[in-house]
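Each of the two complexes below includes subunit A, the first together with subunit B, the second together with subunit C.
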Partner chain A sequence: MDIEEKEIAFLTVPFGPQHPASGHFHALMKVDGETVLELEPHPGYLHRGFEKLMEYRIHPQNCVLADRLDILDPFPCELGYVNAVEKIAGLEVPKRGRYIRIIMTELGRILSHITWIGVLSMVLGFDSANKIAWGDREKIIRLNEMATGGRIYPCYLCVGGARRDISQEFVDETSKALDYLEGQLSFYDYFVFKNETFVMRMEKVGRMTAEEAIDLGATGPNLRACGVDYDVRKDEPYEVYPEVEFNVITREEGDAYARSLCRRGEIAESISIVRQLLNNLPDGAFRIELSPVWAAPEGECYFCLEAARGEKCFHMVSDGSPFPYRVKVRPPSLSHSLVQFPYLVKGNTIADVPAIYWSLDPGPADVDR
Partner chain B sequence: MMISDIESDLKSKFPDSLLNVVSEDRRISLLVKKEELHQILSQLKDIGFNHFSDVTAVDYIADKEFELIYHLWSHREKIRAIVKVRIPREAPTVKSVFDLWTGAQIHEREDHELFGINFEGNPNLSPLFLEDWEEIPPFRKDFDTRKYVKEKYYSGEEGYPVAKG
Partner chain C sequence: MIKMGYLSDKFSRTFAPFGILKNLFKKPMTLQFPYESLPPLADYRGRHALDLEKCAGCFICSMICPNKAIWPAEFNGRRYPQVDLGKCCWCQLCEEYCPNEAIKLTPHSMMVTMDKESAILGLGEEGFVPRHK
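This part shows the complex of A and B:
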């Protein structure tokens, strides 16, 4: 039989949007056998148009909306929103309020990173680590509940400070939880990060150089894993970060394993930051009392902060009414999941796609807003 | 390179296009003319602003203008540059900066979808978040989200909305 020359037809395989594997994120992969030739992302499953909805609402309502910008990491979203308003109005938040805010934000960073350990382990087929990580995550969720009343969505920060004060009981419980999590870190080292299978799946996978990462708009641990020490907490310090000591964790390799180790290192740094803040927690007022329909003066502000996933920026325009005229959020995940992810999977096998995706730690809610 | 150096460098190269310059500690804000926007951004990239953080659009409907705000960061100098440009609302077209920063493509695509701003030279401006959208771009000020939701998804008496379908 003659073998006819045929045009090669490539198969198109979907990635997502089933929740446990990719979050609410869908992508189409063009594959040649096992190799991914091209990946086309299709976001939008979680697009709720918060930036527009915020234009119809007053600031206390918007703090509740801001939570939902990134489900797994809500505190930086609230912190960014209230800081943008305070910058426009020139408000000075009491010192205790600032301390409480950063304690909660850093606990949120630990929460986000531990959840990430769980999800990454799960997509690698390593379900034991997933279950253990989600159990440890519960420790911080209980602290959230104790301080704020909410487990996942705290709705805690408000313009002028925080909604409630933290109690001595919370301080004690947090110290206990931090001691426990610090012990768990060495367990994760042994169980996950030095696990032979984990290392083989992650090392030299999804590698990018510092130049590539900068050109593609990477920030946060993904950029620091390429050797660039960009951390907004150090480079444009906000709130009480000038008063605490911490290191910016960088790695040189730029692969999925380096990104994982960066996040692991950040958990330890965040534990140290929270301890420092708890030890020096000042007394006094924790917020300025403002009327709910308080209006910020006319003005404009661009405020950047370091969220768990990277550089998160709020651009706010106020026209002097109780409603913001325009709010724009620069989500870190937008470039991670829609720019770097398609770039990095090219030429890799299908089995590496989830590993690369979760090594970048994108949040679909953060992408779509 | 200090902020004052950047300011004098830009002022000597683009004397006619810089409408306003505000220097703060580690931040420089520029208001520029649309004609030389691409050249100014290109010059900023050459002097070290290698991270394209964001491009934001603001709809100033009373002035019949959009304001585009480019946010850049220099990893070497640790300085943020904010470049603002006003474009007419009727013909919102600017040159894409995709050729300078690959990461800018997705931000421009988002602004194209939500504000209808046309970025000339951007290779992909297809819809990003919205599906089968036929109205005017939804983040414009003349698009009323509440009215749209009421008409599209609810029927029934005023105050007692009943979900359709």
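This part shows the complex of A and C:
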């Protein structure tokens, strides 16, 4: 009996943009049974055109706008923008201002990573860990509120320093919050990172080698999890990073579990950096007063910094007017969710897709801008 | 032969979930909103307040506002700024660049309204008068 040849039909399954595990990121997966054959990312659901908007706004307004580049990690966006302007103008920011900036940026890194622990736990089915992590996130949000007046959008940094000074009360509250979070880290170790189910879901999943990671444009913890010792804070130090001591957390395995442990290690390093800066906080001025229509001189610069998700770069051109002529942002999540994610999910099961996606920690707002 | 380490590991894993029972004697992490809520701190950026005597009518606030949420309005024969809270992004630039410290952001954070008109702050003898609940 002849067996009829049937055309093999593959199913196309959408991932996002209203999926709880995707954020506002959309992708189409071609699946064969449970195995993902191909993944096609469709970004753009959060595109707001910030790079163009910035050309029509003066610098104080652009600092407010820069917050929205990455909602979960706003401080590095502001820091990158103001540093690019200061680099063109050759402004020397007071030392206290620089310290305040890095304290808030490192607190922002802890905030971003704790949020990530919550989301990753949620997509893996640990709802309790999600609730606990988001409860701990409130500690840092309260510090943001105390220092900046805003909980999610700080609108805090400005060209020439920071917009507000930090008080002794803030320093005390920060020390208390850091002590609490340091204690919580051992809890997360027990509850999440050493949990048998978590390890089984994450180990040997989405593995890439160091060469692959470099070719795919990985930066930040995703690159360091593959054994590449590269951190902008150490290799091209900016602001006051040369004055603080910290370790660059690297792992060799390059899988989802190694990426998770890298981020967990970075929380501890950030806590140590904030403590060092708070202990050596200098007195004096914290900002240079500039007119709102202050214009940077004609020039061009490229500035890179280490955000929570990876290397964030700003390319700015100034034509001598109060508006920037052109601002180009290179977000870390762009390569994470558009290049590495489709590459890593090939051959994995559908159940592993959220685990791989969140082990890369991309921000949809960061991708689309 | 079963090792002691294996046994103690199994024992701690078996009884670890019961550690959750201690939460019965703890305060809950959440608050029963709207009956109770976390009060905003003193420096929180909330609803605007205007000092009519200090305001010189220079409208620097209107020019610096990134969202164009502030525009002039007539009151008592003079022009004062008026704020649309629906457009405001709470960046505090109006307060920062006001030369007379006339416009300020207060810690009022509860602003609920069902229509666009009542999101605009009205003007009264004491400065801004909220129209929302």
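Throughout what follows, the second predicted complex is superposed on the first by the 365 of 369 C-alpha atoms of A that agree within 3 Å, B and C clash if a C-alpha of one lies under 4 Å from a C-alpha of the other, contacts with A are read in each partner's own complex, and residues count from 1 in each chain.
By definition in this document, a contact is a pair of C-beta atoms (placed from the backbone, for glycine too) under 8 Å apart; a residue touches a chain by one contact, two chains touch by 3 or more.
What you see is a predicted model, and the numbers here were worked out from it, not measured in a lab.
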Considering only the touch criterion stated at the top, classify A:D235 as touching first (subunit B), second (subunit C), both, or neither.
first
Quick check on the superposed pair: does A:V64 touch subunit B, subunit C, both, or neither? Answer first, second, both or neither.
second
After superposition on the shared chain, which partner residues are touched by A:I350: those of subunit B (first), subunit C (second), both, or neither?
neither
Please tell me which partner, subunit B or subunit C, touches more residues of subunit A.
B
Quick check on the superposed pair: does A:C301 touch subunit B, subunit C, both, or neither? Answer first, second, both or neither.
neither
Thinking of the overlay built on chain A, is A:G149 touched by subunit B (first), by subunit C (second), by both, or by neither?
second
For A:P292, select first, second, both or neither according to whether it touches subunit B, subunit C, the two together, or no partner.
second
Just to be sure I read the superposition right, which of the two partners does A:D368 touch: subunit B = first, subunit C = second, or both, or neither?
first
Given the complex, residues on subunit A that touch subunit B span 43-44, 47, 49, 51-53, 56, 214-219, 228, 230, 235-236, 302, 304, 311, 313, 315, 317, 325-326, 328, 330, 334-335, 338-339, 368
Enumerate the contact residues on subunit B facing subunit A in the complex.
26, 50-54, 56-59, 69, 71, 73, 75, 78, 80, 82, 101-107, 110, 128-131, 138-139, 145-146
Residue ranges of subunit A in contact with subunit C within the complex
57-58, 60-61, 64-65, 131, 135, 142, 145-146, 149-150, 153, 155, 163-164, 292
Help me check something: in the complex, which residues belonging to subunit C touch subunit A?
29, 40-41, 43-45, 60, 64, 66, 89-93, 96-97, 105
